[in-house]
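Next up: some structures, all given as structure tokens.
The following pair of complexes shares a single chain, chain A, combined with chain B in the former and chain C in the latter.
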Partner chain A sequence: MDSKTILGKIQSIVQDILDNESLNINEQTEATDVEGWDSLAHINIVSQIESEFVVRFSLDELARFSTVGKIIEAVQLKAS
Partner chain B sequence: MNSRRFTLADQIKFANFSGDFNPIHVDLVASRRLIYGQPVVHGVNAMLWALACFASGHQRPITVQSLTCSFTKPLLLKEDVTVDIDASVIYKTIIRLRQGVQVVTKINLAYTLCEAGQLEEFQGAVTNDSSFGTQPDLVTEAALPGITGEFFMAFNTEKAIDLYGPQLLAVFGSQSVAEMTALTKVVGMHAPGLNSLFTDIKLKRTTAVRKACQLLYKTQEYDQRFHQLVVACNSKNFDAELKAFYRPPAISQAAYSVLKQAVSEAEFASQRALIIGGSRGLGEVTAKYLAAGGAQVLLTYSRGAGDANAIVQDISSHGGIAQTVLFDLTSPNQEVIAVMDSFEPTDIYYFATPFIFSGQKGIFAESRLKQFMDFYLLGFHRIIDHFSKRGVNRYFCPSSIALDENPAAMGEYCVAKAAMEAYCEWVVKNRPNIKIAHPRLPRLATDQTASIATTDNADTALMLKLLREFSSAKRNL
Partner chain C sequence: MKSSINIPIDPLHILRKKKSLKRLLLQKSGLLKKRIAILGGSTTAEIRDILEIFLLEGGIEPEFYESDYNQYYKELAFDNDQLNRFAPDVIFIHTTGVNIQDYPSLSDTREDVQKKLDAELAVYNQLWDRSSAIYGCPIIQNNFENPFLRPLGNLDFSDYRGKTSYVRALNERIAAHAQENPNFYVHDIHHLSAWLGLERWFNRKDWYSYKYALAFECIPAFAQNLSAIIKAIFGKTKKALVLDLDNTLWGGVIGDDGPDLIKIGNDSAVGEAHSELQAYLRQLRDRGIMLTVSSKNDDQNAREGFNHPHTVLKFEDFAAFRANWEPKSENIKTIAIQVNIGIDSLVFLDDNPSERELVMQQLPEVTVPDVGDDIAKYASILDRSGLFEPINISNEDLNRARYYEANATRNEMQSKFLDYGKYLDSLEMCASILPFETKNLERITQLTNKTNQFNLTTRRYTNAEIEAITQNPNMISLTGHLKDKFGDSGLVSVVIATRRGHQVEIDLWLMSCRVLKRDMELAMFDALLARARLEGSTEVVSKYLPTKKNGMVADLYSHLGFENIKTLEDGETHWRFSIPSEAALLNSHIKVNHGQ
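== the complex of A and B ==
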């Protein structure tokens, strides 16, 4: 799956969980840049991403999710 | 009806109505050591109030087909909460509860209309204030995957009307309200019980034939990475999926006998140490280290009498010298100050702090700044002003490495700590006989840094190094 498609799906998930339909994210976006993306929201976002792409991340992989781009890379690696 | 403040009295009333007596909702003293540092509103209480607001504008009875509810932020007591109802799609309503601009609860309700005669009334036992056990189950993390249980629901119509008005029952029917109410008891008392933090409800109407008052619950999944539990619940009309975190228990500091092993017997023997805010966390660790090194310790507390007395007992039973006194920094009592004066302290350690909660990213709130300034600057200034006139010249007042990072949601905290540092330097500059240590501490493992997410907190043993540095600097003056 290409990164643009994954980004689109992640954006929908983040919009839904943060209850913000106009939110735009990109590969450089960090959680700290986004209002409401706190530790609880992060867990919900990750859980939803795992469910959407039918993958499961280890704690080591989760620790590397510093940007949305890193999440996309991890999804590509796992889903391939 | 579309705005209100929840109080502790409301919480206790809801606990007696629902049977959820989890201390994070009803215990002022215990909750100060838990993740939010104060009691938070039961999510289901907030949800039912939101549904009552919806019902107040809805004349026809309804049958709930599905409901999802996310408790996205803690709902705090004594702060305004507003409800916003979006009914733009027929038979599908979105309800949001907000504190300030933050959405704290979001409900998606899907329903069909029904006739008043079709509303199902609860036929089970009627509760009173002594119907429920008040001690939540203490479940170990290892036992979470295997939780299973059941109970018979009970309900009190008068209490429901007292809490939410008559329209909630008139629109939803008491059977549905009883089934939704019981969900808080499942999480708060049983699964995971004491160490729980309820975050999500998903319920769907079922066509299965079940007993009217019975509720069954069972662990569906436990995700150890996030300490997140999913509980399946079955009642007469609903299949529910509940999500909750296994909340971090209150952080306990090492026992005096353990800390004593790292301390030389008389290394702090010259000190009569007054520890402001010594009933837990760094104040507690400091009291134990100093007493272990031969200091005489007077530690103050504001709400945690039980915690403070336990520390004194721990120290005293192993030969240390410690006593405790109630001291509320925000309204100082002259008799208490006289007790502290008569102790004749040589060194003062200042750990008084409000709960250090994050604010909103990019928002600088005057009320939060004032709260932090009252403790870190004005409170400390009053202590120095009072005790320096009585010859006390040595003060220890920790700052934080948060100042180096200045996180987006902690501006008020950092500004107050920076002001405190500047004040310390000003005092030392103008009164060279006064020594103040204000080291910037990393995140240490205390109640203040407890988090759902796994965090990397430094060991409080760091305090011993700092206390030694302070003590030896004192002697070199």
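== the complex of A and C ==
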């Protein structure tokens, strides 16, 4: 799956969880840039991403999710 | 967009859409505000959010108090101004397997293990006793799920040193506490975790990273199960099922196939699945859930189905039976009137998706589970839903079906009398009207939480509050018990009043719809006046607080001769009544016993 498709799906997840339809994210986005993306929302977002792409992240991988781009990389690695 | 949560639930959808769901659900009118304290042995933030969704869906708007991570003991064991000020309506203690302090070790004797159990329970007993003494509200606590690791293998179950064996013993003690304390409720995660699968239930990542003792994906099922108890405490459970017949209660179409060829019983797999559903419904009926039928059929054909040799349900098991060609939404409205409950207390079960869709559109208050087309799943979908969660099993519930049968006989009698008074006399009614008695406290609480129509103020009480009333010398409490020659209707009316100087104020006056139009309300009013007079009161004041459902008593006080002293914009009315010094009884058809 190409990173653009993955980004689109992640964006839609984040929009739903934060209840903000006009929210835009890109590969450089960090959680702290986005209003409402706190630790509680983060767990929900990661768990929805796991279900969406049918992947499971390890504790190590979770710790490296500093930007949306890193999440996309991890999805590509696992889902391929 | 639909604002309600589908049954069966879609956990990921709820987690993903919780914010917009909450926004929509908050638009519902008539939400009951309740304060809920969540005291966690692990992280509870998401549980709080999702529980809120399920409570809103059930008509309760929660305000939460949430402890810090793993602070449940500190919150309850010591003086706690914050929690005291919050004044919880319910306390939920979220402990799970991770909170078990000390498991047996292999060198332990049986006595050592008993001591460990005692120590574990002593902590909880301390918390339970303190909470009920200080906060006086219902307490809900999880039991324990089975351990995830079994160092003793299968022996873990049977050897007294096994963790699995230890958890079983703990759970038994928790169950025993619940049996003895009606204000303590067990949230059964031992069942829930088994149903979902322990492997899914506990996710090490969610535990190590965020201290969630149950996996994120399991939180919606957890919150749904927990919300069922809270809804039951506050009387928000469903009371009746409206059932389709063809391909729901039995396989096939009785009008086409004929009564002998419908599928029910062990002759076919499909028939067996329908039998299982009927048996499950029968068990719901036996504990007081009303069963009714709405079917597109000729009435005679439809009834024939219950003469089938393998039918579990009988025609007499239904409180209402509508088989005709009218739209189901119309039949459902008629059924609600016939069995005297609100439309929002009904659940509609039908295999036909277009019938379900129509009912959802025409009657959005009715709960319509999305049962799909696989009959094998129907009983389980109903069972998971928690829609019919009982708060306890009272004798009233067990006898409810009989009350409705007796009422049918009375209605038949009534048609034979031209004079209603003579009909009432012919019933040979006897009432006993007494102050609250300890043996009835649960039934009284149940009535305050379930009665919606003949209810002047619709105030809800907990067991603890009802018990406190019996101890308060400034309060008058009355229960009315009615029987007649057709049967015992049980405890059917409750009055709670407060004395202030020369005045008596009616806080609550309710009566079960089972005994409408029998003059029982007059007998209750006579009894209240007698009590007030005895206490030297000269005036009764009261309020009518309008709800969607209690329109039938809007004029009650006016009929009884009260003077209207205030009418508010929302329809709330305030009343006053001067107590005549000489008793003149209003009731003349019921023989009343005020003694013990």
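Keep in mind that, in the parts below, the second predicted complex is superposed on the first by the 80 of 80 C-alpha atoms of A that agree within 3 Å, B and C clash if a C-alpha of one lies under 4 Å from a C-alpha of the other, contacts with A are read in each partner's own complex, and residues count from 1 in each chain.
Keep in mind that, in the parts below, contacts are C-beta pairs under 8 Å (C-beta built on N, C-alpha and C of every residue); 3 or more make two chains touch, one makes a residue touch a chain.
Keep in mind that what you see is a predicted model, and the values were worked out from it rather than measured.
By the touch criterion defined above, A:19 lies against chain B and chain C together after alignment on the C-alpha atoms of chain A. By the touch criterion defined above, A:40 lies against chain B and chain C together after alignment on the C-alpha atoms of chain A. Look at A:11: by the touch rule set out above, it reaches neither chain B nor chain C.
Once the two complexes are overlaid on the shared chain, A:32 sits against chain B while remaining clear of chain C. In the superposed model, A:59 makes contact with both chain B and chain C.
By the touch criterion stated above, A:48 is placed in contact with chain C alone, chain B being left untouched. Touching of chain A by both chain B and chain C, each in its own complex, is seen for residues 19, 39-40, 43-44, 47, 58-59, 62. The touching residues of chain A, when paired with chain B in their complex, are 19, 32, 35-36, 38-44, 46-47, 58-59, 62.
Residues of chain A that touch chain C in their complex: 13, 16-19, 39-40, 43-44, 47-48, 51, 57-59, 62.
Residues 12, 15-20, 23, 45-46, 49, 205-206, 208-210, 212, 216-217 of chain C are the ones touching chain A in the complex.
On the chain B side of its complex with chain A, the touching residues are 70, 72-73, 96, 102-103, 106, 199, 223, 225-226, 228, 358, 360-362, 407-408, 451-454.
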